[in-house]
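Chain nomenclature is as follows: A, B, C and D, assigned in order of appearance, with residue numbering initiated at 1 for each chain independently.
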């Protein structure tokens, strides 16, 4: 990764740039979220809410990507497991190792919290994402059902 | 479902029968868990731990199945989401609506908690499970990656 | 695994029992092979042919399963890679750890040969096989094309 | 295919251009290989090593793509089978039949060696590749597991 890229916790003063990336992320999934959810999530991710954690990649004063994760208990583990819920890299910044660095930063956070595993979900046809994930993690046989 | 089957919270005095079902469940996944994890999870599921929730199906004094679920926050929601983590029906008791009743009981619990969704994961080749899930939920395109 | 089960190289005097298992294996794949291929493969697997390797699981004087593997070069590796080509456990003997022991014996052979990896292929709908493989190996994103 | 494109064996004096393509190929898979592996593989593919075979597509003095293949024995065949291990076409040269010509050249080599089949593996989400492969080969139900 470009040495000028830095992974750090999301801050309140990232708001404008983070909103732009988040909206692009929602467009990728062709989703709309009520403004109040984005607002509440931003505040939880940037603040000291103990439940939602946000990291960003900053390159020369610009946000280039973000990752959100959380811990939850599991009947299979004495400690928490780590769910990487959102990951996004600004398209013009792709291919330079930022996605990998964001995932690795979550691995580090999970290690620090002694979480037994880190997992995430991706659409099976997300070729660009999976090309990266295949080098960092195990693709499992599990698929997601949703009420 | 057979009217004699009742869905109710797991209790400490279910321990012996629940352990039997849990062990069969682990065998299904060909997994071994240290005894201390099973013990800790049983206590959390049966007790008033606020994080792991356990329900069982009881039929004429015997446990016929169980389901475990938990709530966790999400950047996509103001309220929690519900993750149905474990589901098992004793093989001789299958085909009578017990799995469906257990899932629906989790739906009810999620509604009561105003959770925005209920989701779970299953191996793509779990034909018997998916035949049921397809009638109760949407199969999404999401697959699971794991560190 | 039952301690009475032993994993050992295929021998010429296993012929009758091996043939029976091999035929059942072919039936599983709904394949027919000319007798001369089976005959030639048996001789190569049981003999000191340096290219095809055969192991069997023996339980109380009966063959309970077999595994065949081979090494081949790769442009991605200085050493050979190990391809586990065939695996079969007699249906009445399943569920006792024999398949796992056969795969692990191939892992050991690959380690001894300093092969960089061990891989195999399975039909995506082979639920029984994959339930085992998911505990022993990584399911990759690769699918097979064939002329 | 453009009549100016010629498929021929890799030669030692292709080294610089082949290295460039190979590096781009590794980038596609987001893999890094120690330099010594690339160097050893190049020498085996370009030389008269009997185990790894390399072909290239040359267009007006430039390398436009490459394919690597090998033969290995099989318990299902009296003769060897052919494994097409690597295939790459320089992105600006795509869409002109070069990939197809490279695969067909491997088919010819397999026929000449009386190999019973030619097979390869691709990531299930490789849409561009599979669109081509579907016209040349059968997609099977086999997926790859890896230690």
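Definition applied: contacts are C-beta pairs under 8 Å (C-beta built on N, C-alpha and C of every residue); 3 or more make two chains touch, one makes a residue touch a chain.
This structure is a prediction, so every number in the text was calculated from the model and none was measured.
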Which chains sit in contact with both members of the pair chain A and chain B? C
So, in whole Å, the Cα centroid of chain C is separated from that of chain D by 27
Rounded to a whole Å, what is the gap between the Cα centroids of chain A and chain C? 41
State, to the nearest whole Å, the distance from the C-alpha centre of chain B to the C-alpha centre of chain D. 47
As a quick test, compute the distance in whole Å between the mean CA positions of chain B and chain C. 36
In chain A, residues with contacts to at least two other chains: 124-125, 130, 134, 138-141
How is the touch graph of the chains shaped: line, ring, star, complete or other? other
Output every touching chain pair, sorted by label. A-B, A-C, A-D, B-C, C-D
Note: in the complex, chain B contacts chain C through residues 28-31, 123-127
Residue positions on chain A within touch of chain D in the complex are 124-127, 130-132, 134-135
In their shared complex, chain D is touched by residues of chain C numbered 33, 36-37, 40-41, 44-45, 51-52, 68, 70, 72-78, 83, 85-86, 107, 110, 117-125, 133, 136-147
Interface with chain C, chain A side, in the complex: residues 130, 134, 138-141
